[in-house]
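I have a structure here, written as structure tokens, and I will follow up with some questions on it.
Just so it is clear, A, B and C label the chains in written order, and each chain counts residues from 1 on its own.
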Amino acid sequence: MIRYLLTRIATMIPTLLAISVLIFIIIQLPPGDYLETYIAELESQGESIDPQKIAALRADYGLDKPLAVQYWHWISNFVQGDYGYSFEYERPVAEIMGDRLWLTIILSFFTILFTWLIAFPIGIYSATHKYSWGDYGLTFVGFLGLAIPNFLFALIMLYVANRYFGTSIGGMMDPEYLDQPWSWGKLKSVLEHMWIPMLVIGTSGTAAMIRRLRANLLDELHKPYVLTARAKGMSEVKNLTKYPLRMALNFFIADIGSLLPSVVSGAEIVAVVLSLPTTGPLLLAALQAQDMYLAGSFLMFLALLTVIGMLVSDVLLFLVDPRIRFQKASK
Amino acid sequence: MILKSLIHSIFAIALLSSAVAQASEPPYLQAQIDSGELPTLYERLPDIPAFGGTEHLSVGQYGGTLRLLMAKSKDIRMMTVYGYSRLMALDKNLQLQPDILLRLENEDNRVFTLHLRKGHRWSDGELFTAEDFRFFWDDVANFEPLSPYGPPQAMKVDGQLPEFSVIDDYTVRFSWKDPNPNFLPEIAGPSPLYLYRPAHYLKAYHPRYVSEEQIEQQVEDTNSKNWRKLFHNKARQYKFTNPDLPTLQPWYNTTAIPAERFVFKRNPYFHRVDREGQQLPYIDEVTIQLASSSLIPAKAGSGESDLQARNISMDDYTFLKSAEQESKKIKVLLWDTALGSQIAIYPNLNASDPQWRETLRDVRFRRALSLAINRHELNQVIYFGLARESANTVLPHCPLFDTSLKDAWAGFDIEQANALLDDMGLERGSDGIRRFADGRKLDIIIQTAGEKNEETDMLELIKDTWRQVGIRLYTKALQREVLRNRVFSGQAVMSVWMGLPNGIPTAEMSPASLAPTRQDQLQWPAWGRYAETGEGSPPDIPEVQRLAELNDAWTMSSNSAQRLAIWDEMLKIHAEQVYSIGLINGTLQPVVINPRLQNVPEKAVYNWDPGAFFGIHRFDTFWLKPEGAS
Amino acid sequence: MSELDKQSIDQQQHWVSDKAYNPNHIEAPDEKAKRYYKASQWRRMWWQFKQHKLALYSALFIILMYLSIPFVEFLAPYSLPTRHTDHIYSPPQSVHFFDEQGDFQGPFVYGWDYELDMVRLHRNYSEDKSKQYAVEFFSRGDPYLLFGLIPTDIHFVGVENGGTLFLLGTDRLGRDQLSRMLYGMRISMTIGLVGVILSFFLGITLGCLAGYYGGWVDNLIQRITEVIRSIPELPLWMALSALLPITWSPLWVFFGVSTILAFLDWTGLARAVRSKLISLREEDFATAAVYMGAKPKRIITKHLLPGFFSHLVASASLSVPAMILGETALSFLGLGLRPPVTSWGVLLNEAQNVNIVAIYPWLMAPAIPVICVVLAFNFLGDGLRDAADPYSNANGS
């Protein structure tokens, strides 16, 4: 077990290195660099910038150095905990990400909860009443969220909420509450705003979950022990929950690993449409402006979480599911 | 004449002083005044505050918060633009008036003597004096570590720097050997040339005034890269990113970035008053809420902004107007824009392909292309017929306007266009498309930045009419930077961008945009580059050379009549030579306001330079009528 | 002890039948069961699939859509670039059957014109009951090239000369929305297919290599999949889209986009293939094939792959909707396809603003085919997956 862990961690490092190179390339791929985006933006407003200042800025930001040097500079600082400096905000990256991270985590947490709440009953019903019209109907509803393009759905919900409920458009709460300490009003406002992203992002995740639950449950339900239990007089409900469901829930545990990165990246497109102060829009804007350190460090952070997540879920599965343990042993 | 205006001034000042003496304090500051934190109005205002430009406006009441929406945190610099507190400022008739300055003496556009207002204070209460100018000149602009390239480009005439002298505590002088007619427009610009810095604040970060250890300590404390970066961060006046930096604008920022909401509070030492002596601004706080740009029209429509023109376009007008009628929470005004052409087509005279270069340089070709555009249809389809069909030139309410400029080659005449092209020897093939001598088809690929629906739509419509004269049009959408690069390198044969940035110039403003002066001019990037850096080759078309000459002549000109003549000639050359194909101008800009907001003109021009968007319309005089008042 | 026990076994009476042994004498399988036992793998799959009604209808729907792709020009009332500058932002028109007096006239539309509301700058459309235009089938309309070869101008449905048939309204340039949606179908649905085929090949090839050979090949491929899976989708999309050279024609951009989508999709397939292959390669039949001297390629393709091919098909059919949605997402970000190329993603992107939602909601109609197609593929995939292994326990054999 320990050996397994150690070897996995050892292979993680070259993977992470490869990822960091890839990320760096990704950010540098679009032609130009941050300064060019900045200048073009100014000019589109009719403002202009001193050409001398541009040269000075370029040297200042280190954008005139060769790419390899820039990469090394970034990655060597990153591992020491210095995530770099954002050109756009002119502040260290860590400062900018800080607040937004919390909001992202909270939103994601509730969204995932919402997804589970919907997917669970539908998945179970679908497995136990296979091919019934109820099954079709519920699955249809469950999959609808996946099928509707998120950005359009979010926009429509925004408009509907504003017109029929008077909710202010976009953001996590009404603007008046932004700087104020927590109060009932503020909480109410946040809830009013939060149901839209929860609905939009949550429903798009239900399909996958329903499918997994249904498939796993079906596999279990047709096993002989279930038949035996039924013959011996166990109630259907108990028959369902005591063993098959537990088996089928394995994948939840396995999924915990991939939860981490999804929690943090927070459904970027929907957040952009809804103008939420989460990390998604930040990342998108940084990528478009080629704000190298902000985008790069954040992506690296996400990648790190994903890799760690995969490791965590593998380990958890190993611990939780004895079959995997014994399978390995028998080899 | 002089005596008369002198008497006028004295009279006005006398009246004003008595008014000020009786004027009430803004209630927002009352508590601070009572506790002694702030001095009284009389002491806060300069001896002679600025009182002009409000005759046509109503006298407002103090109070209220103005909510604005912006798309990015960088946009808070708009408060410097809207606030428009400048040494010299343009009034609503585009005339230069002293604003922060009490008086400016201009000798021949070479020697400028600036007189400051005695008793004028920064927003933190310290006096604004000649020392702030001297600090800028000696310790910033000419201090090599902070300005490795020296003072800003706008201060150099032919590479020469001016002579700067401090006459007394409230008077400074800049003198050049050759005329610098750009100087005044630059200091009055929306993004102005700053000649001063708050010396008392910045000296604490400057190595000449503070010991090295202290500087190092500061760098460490603030986690800055080095002291220069720290200094620049602290000193940024235009961008409003340092809440502690004293300012002369009507409101100052109190929120540090990053934030979702910025709060600007009134500047207690603001130097302007209304005609009853009340200190401006009327509104106590301005809050800027950040929201994604696509949501801003929706938010404005539901009343979340009290004054919004940014990020709103004609596309949103129907929605906003419907919202206005239904909810009565907003009021929608339609202002004019002042671009020479909302969108203009730029043939690239420096295209790298020799055939194309030759063809584009032939004026007949450009004229034919311009004639083959049905501007009326464009106007009807896209702007409901409310805009103006015109070439890329100045607008009617500009003194330099002439109908011939607007109509030059801007009619819709397929026959004449065909005749011109036939004349050039471009024969049609069997498919109706014209060919070059070497058999290549006249397929024009127009590069656009692809950001606005308007552009794509107009090009769709133009495609059809150009087909009728045997030219095929393809649109290629690119990122802005890529577009510019392709134009510079000559790969792009034709591009699309906005027309003249300033459609309402006076002869006193620089005609540089009409001559090859900058590399980013899409019709002659190589010649523009030559003018900027000296690299490459100079213009080789006589008319373009003439434009460059005229531009130089303007910079050296000594009187208004000369400048007027120069402008007229330059505009005429453009009209005849069709260096850019204008389509539509005079489009409208919707402005959404809170119905209670007063002093906002029903109809005005919304333009960056000149205009500073809301600047020349006196943003500081807007006020909110209390709710329930008649 | 009973009487019986006192006697020995031999002495006890017992009875043995001397009829020939018939294993089915208790329960003989009827015709249906016989067919079931004799049926091939594919037949069983079909029967299983048929049971999932939703999947069945979805399959029909999808096949119908793909079959109509070559006929799009024929089916659309107007051709793609046709604009009607007199009918900008027109709401959908209604088709009537009975005229004012109640007489049956066949399908027709009334005259359709607008009044400009100068206050709101809004075009108010209304029916002009004095004019009637018959809706014709196989009517003459805009000329086009059928299959890109045959010039013709017959459209499946059209309207009499002088009338307009905007069944789903028009956009800001007066282009018929229904026609645009039909043209968009062509691009959106083929991008899905092309992308999936590409991803299929990549996934199977790499998965097979990893699963069969094991060792360092396996390790390398696993690392690569890990790397690709760890990078968030969005930035990868953005970067790859930036790679598409600007000079490319729309068609090449199209292929570029599908490649990009495929590039991120194959990892799931590869992992599934690999795990299946790992379990199957230890099976006896595989070992037998090895001893018989079969080359790895033969073993993989002839023996191992068919075992789980059905699973792969199921996965693939679930990838198509992901591609279609991916294309819409790319359009939203301003990457991928742009006008004048028309796809559902492009259409939806144009509809993505509050003006459309509030005032011209018919322009959001392209969302409906997207939803239907995505749902259909999902149900199809589910049905296929259920049917994929007809011998599994879940299918109660």
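By definition in this document, contacts are C-beta pairs under 8 Å (C-beta built on N, C-alpha and C of every residue); 3 or more make two chains touch, one makes a residue touch a chain.
Everything numeric in this text was worked out from a predicted model, so none of it was measured.
Participant: Which pairing of chains gives the most C-beta pairs in contact?
Facilitator: Counting C-beta pairs in contact per chain pair, the top pair is A-C.
Participant: Report the chain closest to the protein's overall CA mean, measuring from each chain's own CA mean.
Facilitator: A
Participant: Just give me the whole-number Å value for how far the CA centre of subunit B lies from that of subunit C.
Facilitator: 52
Participant: If you average the CA atoms of subunit A and of subunit B, how many Å lie between those two points?
Facilitator: 41
Participant: Centre to centre, by mean C-alpha position, how many angstrom separate subunit A and subunit C?
Facilitator: 26
Participant: Note the residues in subunit C that touch 2 or more other chains, in rising order.
Facilitator: Counting only residues that touch two or more other chains, subunit C contributes 352-354, 358.
Participant: Hey, what residues on subunit B touch two or more of the other chains?
Facilitator: Residue numbers touching two or more other chains: 294-295, 298, 482.
Participant: Hunt down the residues of subunit A that sit against at least two other chains at once, touch-wise.
Facilitator: Residues 30-31, 159, 273 of subunit A each touch two or more of the other chains.
Participant: Hey, which residues of subunit A end up touching subunit B in the complex?
Facilitator: Within the complex, subunit A touches subunit B at residues 30-32, 36-37, 40-41, 43-48, 50-53, 55-56, 60, 85, 88-92, 95-96, 99, 158-159, 162, 168-171, 175, 178-179, 272-275, 277, 281, 285.
Participant: Can you list the subunit C residues touching subunit A in their complex?
Facilitator: For this pair, the touching residues of subunit C are 51-54, 219, 223, 226-227, 229-232, 234-236, 238-240, 242-243, 321, 325, 328-329, 332-333, 348, 351-354, 357-358, 364, 367, 370-372, 374-375, 378-379, 382, 385, 392-396.
Participant: Report the residues of subunit A in contact with subunit C in the complex, numbered from low to high.
Facilitator: Against subunit C, the touching part of subunit A is residues 11, 14-15, 18-19, 22-23, 25-27, 29-31, 131, 136, 139-140, 143-144, 146-152, 155-156, 159, 207, 211, 215, 218-219, 221-223, 261, 265, 268-269, 273, 283-284, 287-288, 295, 299, 302-303, 306-307, 310.
Participant: Could you list, by residue number, the parts of subunit C that touch subunit B in their complex?
Facilitator: My answer: residues 83, 85, 88, 116, 119-122, 172-174, 246, 334, 338-340, 350, 352-355, 358-359.
Participant: Mind listing the subunit B positions that touch subunit A in their complex?
Facilitator: On the subunit B side, the touching residues are 67, 72-74, 148-149, 152-153, 190-191, 223, 225, 229, 233, 241, 257-258, 260-261, 263, 287, 289, 291-292, 294-295, 298-299, 302, 304, 449, 479-482, 484-485, 501, 518, 520, 532-533, 608-609.
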